[in-house]
Amino acid sequence: MEKKLKVGVIGATGMIGQHYLRLLSNHPWFEVAYLAASPSSAGKKYSDAVAGRWHMREAIPEKFRNIVVEDAGNVAKAAGKCSLVFSAVEMDKQAILSLEAEYASNGFAVVSNNSAHRGSEDVPVLIPEINPEHLDVIPEQQKKRGWSKGFIVVKPNCSIQSYMLPIYALIKAGYPIEKMVVATLQALSGAGYPGPSAIDLVDNTLPYIGGEEEKSEIEPRKILGKLKNGKFVPDESIRISAHCNRVPVTDGHTACCSIQFAGKKPEMSEVIGIWKNFTALPQELKLPFAPIPPIIYREEDNRPQPQKDRDTGNGMAVTVGRLRKCNVFDYRFIGLHHNTVRGAAGGSILTAELLKAKGLLG
Amino acid sequence: MEKKLKVGVIGATGMIGQHYLRLLSNHPWFEVAYLAASPSSAGKKYSDAVAGRWHMREAIPEKFRNIVVEDAGNVAKAAGKCSLVFSAVEMDKQAILSLEAEYASNGFAVVSNNSAHRGSEDVPVLIPEINPEHLDVIPEQQKKRGWSKGFIVVKPNCSIQSYMLPIYALIKAGYPIEKMVVATLQALSGAGYPGPSAIDLVDNTLPYIGGEEEKSEIEPRKILGKLKNGKFVPDESIRISAHCNRVPVTDGHTACCSIQFAGKKPEMSEVIGIWKNFTALPQELKLPFAPIPPIIYREEDNRPQPQKDRDTGNGMAVTVGRLRKCNVFDYRFIGLHHNTVRGAAGGSILTAELLKAKGLLG
Amino acid sequence: MEKKLKVGVIGATGMIGQHYLRLLSNHPWFEVAYLAASPSSAGKKYSDAVAGRWHMREAIPEKFRNIVVEDAGNVAKAAGKCSLVFSAVEMDKQAILSLEAEYASNGFAVVSNNSAHRGSEDVPVLIPEINPEHLDVIPEQQKKRGWSKGFIVVKPNCSIQSYMLPIYALIKAGYPIEKMVVATLQALSGAGYPGPSAIDLVDNTLPYIGGEEEKSEIEPRKILGKLKNGKFVPDESIRISAHCNRVPVTDGHTACCSIQFAGKKPEMSEVIGIWKNFTALPQELKLPFAPIPPIIYREEDNRPQPQKDRDTGNGMAVTVGRLRKCNVFDYRFIGLHHNTVRGAAGGSILTAELLKAKGLLG
Amino acid sequence: MEKKLKVGVIGATGMIGQHYLRLLSNHPWFEVAYLAASPSSAGKKYSDAVAGRWHMREAIPEKFRNIVVEDAGNVAKAAGKCSLVFSAVEMDKQAILSLEAEYASNGFAVVSNNSAHRGSEDVPVLIPEINPEHLDVIPEQQKKRGWSKGFIVVKPNCSIQSYMLPIYALIKAGYPIEKMVVATLQALSGAGYPGPSAIDLVDNTLPYIGGEEEKSEIEPRKILGKLKNGKFVPDESIRISAHCNRVPVTDGHTACCSIQFAGKKPEMSEVIGIWKNFTALPQELKLPFAPIPPIIYREEDNRPQPQKDRDTGNGMAVTVGRLRKCNVFDYRFIGLHHNTVRGAAGGSILTAELLKAKGLLG
């Protein structure tokens, strides 16, 4: 058996950090060897650093309890311990930009959960099934920024994963999409911890999530865009309008989508066939976190539902249902994914697996 | 003080029937003098008939406890007791069509909560602020059906009220709407009792409500349509596409709306002004259940919310918020109304008040 | 009509402060003339001070919107504006002790929602139906503390009101209680705002509320105690054991109670009769917030429930149900009250009404 | 590898039946070879029989989809297909008594989830860690009822498992318990499907579960009792008083317990030690469903919680926390278990494993 690749988690004590540890505890390729967080946690054993704020349902994995947490800002401490860091730090945008760049400049591959770098024109926003070729920017990113070995890759906002795979599958099959109106019903875990107050989510839903609609509209265009001269040029042929709601659900984002094709539209049966047969590079490479199949189509009228479908494919698959005609556009459907797995830590781990499979981790 | 008009409730023991009694208990114009339900309740005092299944938060109004419930099918029992009946019976479509017609043929004004007659081309589907002139069909309805005095008026489905007043206000102001995509987050009370199972709504939402999307798309066109030769001709210039979700909220339907105007579009400030200044016949006639103002615009990002806004205007107002540009259409906004008040019993009471004010109740 | 007494609210911008304003907006005896909060709110109009954090379902009462908020710590600002202040400040215990004492030493009657003074041996913890005679301590409190006119009265913890009236009614009827085991299911509003995180209360309950069990066990003994030589001597003849749980309910605390009488026990029918006929000084004095009757007994197996019973008596009554034999003690029953009305602001307003009726407000 | 024992599930289409199939789909000892349900399902493939009413989060196990469902009442159909049936039929008590007896008289071991036979004096109510010796009644049961090979064993009500292991561990360690007051917060799945209405469990809890308190008080005495002359004599030395509440939680019953020892009481540290070190026959026999350890003690103040602790030990362990002194009895603690696993199907499977390990399955 090959030796595992050593990885680190910065922002390891926060909720997304905890999800990373939960998901990496038995990873076949990666071994967590470096945990870092804010100075207040530095020097403590991980189990002490998260005492009273471990939010996962599973216990802290035994193997991580005694790792001494480092100060994430002290990049020197990571030297020699790992070659890739997952970034889940919770700081302001400027601080994240600097910190992630510092790790990269010190030779680390950085796979980030944060939105800070998503707008950087030389940083890929990756969904491994959709735009793996965006990794080709890495040499240019390194050259431009003067980094010899490190680089930065980020994952998109968790709100868009419920529909990006389904619409990409259609685009790839030759049916480009021109317009899309989507309304999401998003789970609480997407807001981090503590997130919204319980008293505001009993007998209630919230019609607003700060910044979410903008991200939902902009990020898909970058993901579907092209790399030209070391920069990503967004695909402006698709226009998305998003309404983002918060609902009293722990995990699992639902998206109600109405789509208009740019040209001819496929029959409904063809759409379902495209989804059922969709497969992509992560599946071909047999990446450990790649769900097979990546898209599940449910025939029942009342599916997908977050409670019942979020864990499909170990939380990495996207479940789709209710494909039907739309009075205004061509079709409507419902998409659902697990926002803290596929939409956050799990999606980043899949990206890291892709990096490794493509030989980008040295 | 004028003597109150005597009214009846058929289907008085069901949940909507209970809402009628709750809302009519202190009505300034109407006095409930006839209660009818299925044969199994007939002959019992109302308090006994609903024992163990009174679902309102308030106690059974004292004045109704001892009224003896009649068999709704025995229309003769209503004779002389009231001149208008609110219909909230829960039966199959054909049975409702017959029963409501029988009341009408016996001289009763019937204001119905049911969907059965909504498709009848000579029966008005009324939102009193929008299409009061549709009552002009009544003489034609009576003539065609051979009824001397009785008639049938119905209220629309509860899913559409969150946006019908806001879009009608714009249409009336000279801005017709061509297309609309709406996603609703609908409360449990809209499903009647018992409605969905609790275990399906904890940590969950449901992406489907049987028949609701069709009603949401068809009924607005009839309401906005014209009466021609004794028949309603739907307004086919507006196309609506609806996604209807069930969420764990007791009362209050939220609608996320994207709209495209047919012609020129107003500025956002003008839209808000139109909504804030909107008023209509029920307000001018000072009908007791007419909310003043009928539309409330909230400036906060995170409003309207069902828990906080459903009771506005005693549950009869529509609260709107988050007007903003749409990437695909012209604008987006959120609308909210109380589905068992404005959207059901309260809306029908407002219709009955309009009938009385227009001298249609004999 | 008599002129209203001017009152103030300190801590007016917090959630309990907001409840005070909601409940006092149409009070027949009191007029709010002074609002104070932390320095960060001082100088702002009330509507600006609570912008984005007004948590009541009703809008901010129009009459309070333009009142300029003062710095609660600058007691001089209250001079001449009111003679009583309701204290709902959120500070540490020592700071509250000082601030409330400063208001009292400056001549204000202080009716406090806070726990800080509940342990002070010369400060009455009042439930107006139970221990109005504890107000006799006021002259002694004033003398001891060197206050000429001001004084402090507090209300007990919100967890105990669901059972204190029911068990006091029995005690008063000649059936002293020796032991009681109670498990509460407490609403979220009892935790203030923001309180628990939504993600922790979806598909979950919490078995612990910090400090709540101790308060639930100690405060009843003081309330049932006697005033001797200027100090309250707790009633140690009753022993209470409390389990306090947090549940996903907005308002309304439920208590499952098992009681053992000290001596003979009444028949169950007698217990119910005692509860139904219970009345006390606030009812006799017709205090505006005194519920009539104060205790409601529901015969149905599945009542009381927070959603359906919390608003009984405008949120000031206690609803009791399910009286039955206990295998271990004498009887069991369920009690329920509205924790932010009877258990917090409403309870304090009733106390202030009692102070006024007894001529203690100058 | 030994050949698996063939088992059947009667009532296979209901919610508990579905849990059996979910839990048995990869069982190392048992193979499901017979599925039976009501006549309306008979003759259909299992996947068709449960179409639209499969309530598990996981899909129907592939291997069961095509099994043809038999009419449970036609016992002859089971002949030769299996030697043990798990009974999860939903019928009235008399019908269950007859049907289970008929399976037993036809030579099948019946392990039942139903309450029907719990009161039968020769039928053991089994918690495998507590009273495995109650299986000694089987020869006497067979003799008395004239059964040559079949027999009936039942599992107790799901409300009691949260405290039975913890109190039994103390009793076994030499600390008999005299009195116990328990208040439960029970999950929705305990009510079967559909169970309570969603609208009754949003912003609400229910203070009553029909029949549950009686079962919670009576069944522990039988489980802790002795077998004498072919009959179970309940242990009347323990008195339990139970308050049972329904809360909006999908799975996981919480119990707030106050206990009084009959004699001397252990120190708190000893209690915790007893729980942590508790082990019993199923653990010694390494039964596949036996959790190791069976009791988990959590040190945190706010544990156990249903959302976080129900899946401990694959849903078969009991999690305990908050051991503290009681003002009325000796100690208080919180217990929690997964009601559809340990408390229902999983508990019965553990019983079946014990039967096999003890050679009682022929």
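As written, the chain order gives the labels A, B, C and D, with residue 1 at the start of each chain.
The rule is simple: a contact is a pair of C-beta atoms (placed from the backbone, for glycine too) under 8 Å apart; a residue touches a chain by one contact, two chains touch by 3 or more.
None of these values were measured; they are calculated from a predicted model.
A.B. asks: Between chain B and chain D, how many steps is the shortest route if every step has to go to a touching chain?
C.D. replies: 1
A.B. asks: With chain centres set to the mean of the C-alpha atoms, which chain is at the far end from chain B?
C.D. replies: Most distant chain from chain B: D.
A.B. asks: Using the average of all C-alpha atoms in each chain as its centre, how far is it in Å between chain A and chain D?
C.D. replies: The separation of the two C-alpha centroids amounts to 41 Å.
A.B. asks: Using mean CA coordinates as chain centres, what's the gap between chain C and chain D in Å?
C.D. replies: 43
A.B. asks: When the centre of a chain is set as the mean of its C-alpha atoms, what distance in Å lies between chain A and chain C?
C.D. replies: 48
A.B. asks: When you check chain B against every other chain, which residues touch at least two of them?
C.D. replies: Within chain B, residues 200, 202-203, 248-250, 307-308 contact more than one other chain.
A.B. asks: Can you list the residues on chain A that touch chain B in the complex?
C.D. replies: 179-181, 183, 185, 200, 202-208, 210, 217, 239-241, 243, 245, 247-250, 254, 256, 258, 301-308, 321-322, 326-329, 332, 334
A.B. asks: Once bound in the complex, which stretches of chain B touch chain D?
C.D. replies: Contacts found on chain B: 55, 188-189, 191, 193-203, 248-250.
A.B. asks: How about chain D: which of its residues touch chain A in the complex?
C.D. replies: For chain D paired with chain A, touching residues are 52, 57, 202-203, 250, 300, 307-308, 311.
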